[in-house]
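Okay, so subunit A shows up in both of these, paired with subunit B first and subunit C after.
Let's look at the complex of A and B:
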């Protein structure tokens, strides 16, 4: 398994990449709240789409990639939009689709311009509990390691003839799958213990030290002010 | 079932964000107390394990397959508090990196899957972990964890004004039940497999009073869900129920009060008022959390 594409994007260079994670998070929250409370009309849809497009362009993210990845929300949205349509509420259906899609795209812009460790460090300095932040950090660090192990196990099983086919009843395949999950569980557990011992040997004392504390620059403050204003602006005129 | 942004109405997501953040603060402290801090890597790696385990397909009937959700399995192996922390971390990564679930709706998703889901998955095991009922209890845990999460999600959507006709509700209830039973069976099979490899990895529940409180809280939440589901069939009743429960109007009143003086001048448009109320709400949540954290830290030191 390859690293998440979003992770690769987040290591790019642009005006948005250079901003402090905390500032970007605050602007994203304002943007999401504005979007969540806005009355959906042609004007607001256009304005927010334009804002997002501008952000994507400034961040030099691949436009198609962002638009495609934001489609993840569409299956869920489509079900409820159809239900609303059937109930004769076309405007609500449209509002659901627009809000969920644009929100997902906005989150992608943040995730695509901020490496996760930097984001988590920002969260911690904003007051999120260190314990939780550390767990998220470890989860992300080992996500791809453990996933790769699962892929290896599946490959190994397939090469022994476990591939899908008419052979073997469901019951046997079910047992094989649960056995695989159990082995993966035990291996993950053992790996965690080994990781912990290695960390202790290197002097881990309950927190991760950073080389430098992030500091807000004038550009960050400017971005914060502008970001909030621009996020709220498209709607100031609407009733 | 991860709720994306844009589905829940502001009072619903705001109040759920508040409740989830407060509950998480408590749960995180419990998880830390119950173990050497050394288990941070363990929780992170087990979260990664759940992600990876979801890629392993379980055959169900003809041609279809399902996968593990994991809340009950984590609760049985790591204990409920640690499991809730791991599930929260999973939801956070899914929302941020994989666009699975919204950011404003994260509180709702945490409530559904990490708090209620884990608690529901754990309670049967807590009470019947010894003796003949152990296997049914594990299956029941898996079933309940899925059912609680899905039921809460549906109730939140209904409260937010998303329409779901009775037929759709019935079909989805049947689907959730099926998924739940499958989750229970997978959880049982995996627990047995892990036990065969290393019995020490399965936690024996400790007899604490907190479980009773948890059971009561869960029962209250599920009752409320049942009420919303029942009332959704009659919209008028739903409205009066929401009012009686005090969810919507209270949240609205709470948010509107600090802004009352300015409303006439600055916030003349209803949209601006709503957006401002949402933002002020977020600010209030943040302030309350920081204050509570400071208080807790001081008490610990004192």
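Let's look at the complex of A and C:
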């Protein structure tokens, strides 16, 4: 089974990996706000790029991997950048693209250094809606299980002579694929019921209680203070 | 001796009309381990889901003197620890420690105490080192032991194990057997593995088409219903 790449990164070891999810979230938030409000000049872009590069290096994340994955935001940004460009505001279009790209890279640094369970617990203790956190938590827990099941079904179909490759206009293959999706849905539904039974059997009465988050260490506080200061520093030069 | 579990004339029909249990009588006594044998679809799993009120049919079920009914469910579920067949369904929290702590937290223990109990239970099944890991990254045998820790952590008086050897390789089965044999609780084991049943249980009951046909020593029951472990090579 192939785990998501970012999930694998998040189980690494580095100074950034060792920090508490809450302080990383707060620093990210400050960084994003600073980046969004900074006046875009060559200097500020350089400063924020340097900060991110330093974070990637400290976290020992693969540079190419982060830079490539941060491109996922570009299609969304491109629409608005194009509109700005058509309105004759070239610099604004550029600023939009650069800001969103750097923001995505910053989010990736957080995701690549924080295992999702910790990330979610951090979100929750910072006041994110609990229901949302729970939904993501269950999604994360069962996404791999369901995708593994889907892969097994695909292998079974292939070994019974189904052709590999992307779906074409072939009706029979389309029908087979839709059947597989239906089976997967039915199984996931049955699994959800079984999980609910398992929760009831273990005393679930409608509310999931969590273990308390660990205490922040001195290193966490230091990281929080430094992270906020450094994120805001490039703003100091702008009026 | 008063039985821990007493089931009288239990009948249950699924929504699609299938009669899954057709008048089952059953007793479990303190300290006893009973194997539930029988073909697929004979009603074994349906039966154990009645013991803590996850399903409810006609007839009566009582556990440690408590009738299994709505007002007693919380108490009954504290008495019975149910280990499900598929550990992926039982381990639903993001990390092993959080999963094992789910039971104590749900029963109202404070976070620190729940974490301490969870660590002790993980120690008991030899999985203390896995506390911070995600259940998804565990092997089948490890998942089974963590699931068992999640059941033991609330100190149930009765353990109900549904096909505990499924997905386990022979060393995993032996390890599980060793852990289970060391536990003092009375146990009900649903299994197809007659060797495992013989190693763990003192008595077996045989299910067929929703009826409990016979009860007796494991050896006798497996012989009588043609379930004795035979070298399959002889059939070739």
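Definition applied: the second predicted complex is superposed on the first by the 185 of 239 C-alpha atoms of A that agree within 3 Å, B and C clash if a C-alpha of one lies under 4 Å from a C-alpha of the other, contacts with A are read in each partner's own complex, and residues count from 1 in each chain.
One rule holds in what follows: a residue touches a chain if its C-beta (ideal position, glycine included) is under 8 Å from a C-beta of that chain, and two chains touch if they have at least 3 such contacts.
Being a predicted model, the structure only gives us computed values, none of them experimental.
Looking at the shared chain after the overlay, A:191 reaches both subunit B and subunit C. Which of subunit B and subunit C touches more residues of subunit A is settled by the count: it is B. Touch criterion met: A:4 reaches subunit B, while subunit C stays clear of it. Of the two partner chains, neither subunit B nor subunit C is touched by A:218.
In the superposed model, A:96 makes contact with subunit B only, not with subunit C.
Once chain A of one complex is fitted onto chain A of the other, the partner contacts of A:146 are limited to subunit B, with no touch recorded for subunit C. When the two complexes are overlaid on their common chain A, residue A:37 makes contact with subunit B while staying clear of subunit C. In the superposition on chain A, contact is made by A:201 with subunit C only, not with subunit B. In the superposed pair of complexes, A:115 makes contact with subunit C only, with no contact to subunit B. In the superposition on chain A, A:179 makes contact with subunit B only, while subunit C stays out of contact range.
Residue overlap on subunit A between the subunit B contacts of one complex and the subunit C contacts of the other covers 116, 137-138, 140-142, 145, 191, 195, 199-200.
Taken in their complex, subunit B has these residues touching subunit A: 1-7, 10, 13, 24-25, 28, 31-32, 37-49, 51-53, 55-61, 68, 73, 77, 85-86, 88-90, 92-93, 95-100, 102-104, 157, 161-165, 168, 185-186, 189-190, 192-194, 196-198, 201, 269-272, 274-275, 278-279, 282, 286, 289-290, 293. Touching subunit C in their complex are the following residues of subunit A: 115-117, 120, 137-138, 140-142, 144-145, 191, 194-195, 197-205, 208-212.
Every residue of subunit C that touches subunit A in the complex is listed here, in rising order: 49, 52, 54, 74, 77-78, 80, 82, 84, 86, 88-90, 92-95, 97-98, 101-103, 105-107, 111-112, 114-115, 134-136, 150-151, 154. On subunit A, the positions that touch subunit B within their shared complex are 4, 6-7, 28-30, 32-39, 69-70, 72-73, 76-77, 80, 83-84, 86-87, 89, 92, 95-96, 98-104, 107-108, 110-111, 116, 119, 126-127, 129, 131-132, 134-143, 145-147, 149-151, 154, 170, 173-175, 177-186, 188-189, 191-193, 195-196, 199-200, 206, 232, 235-236, 238-239.
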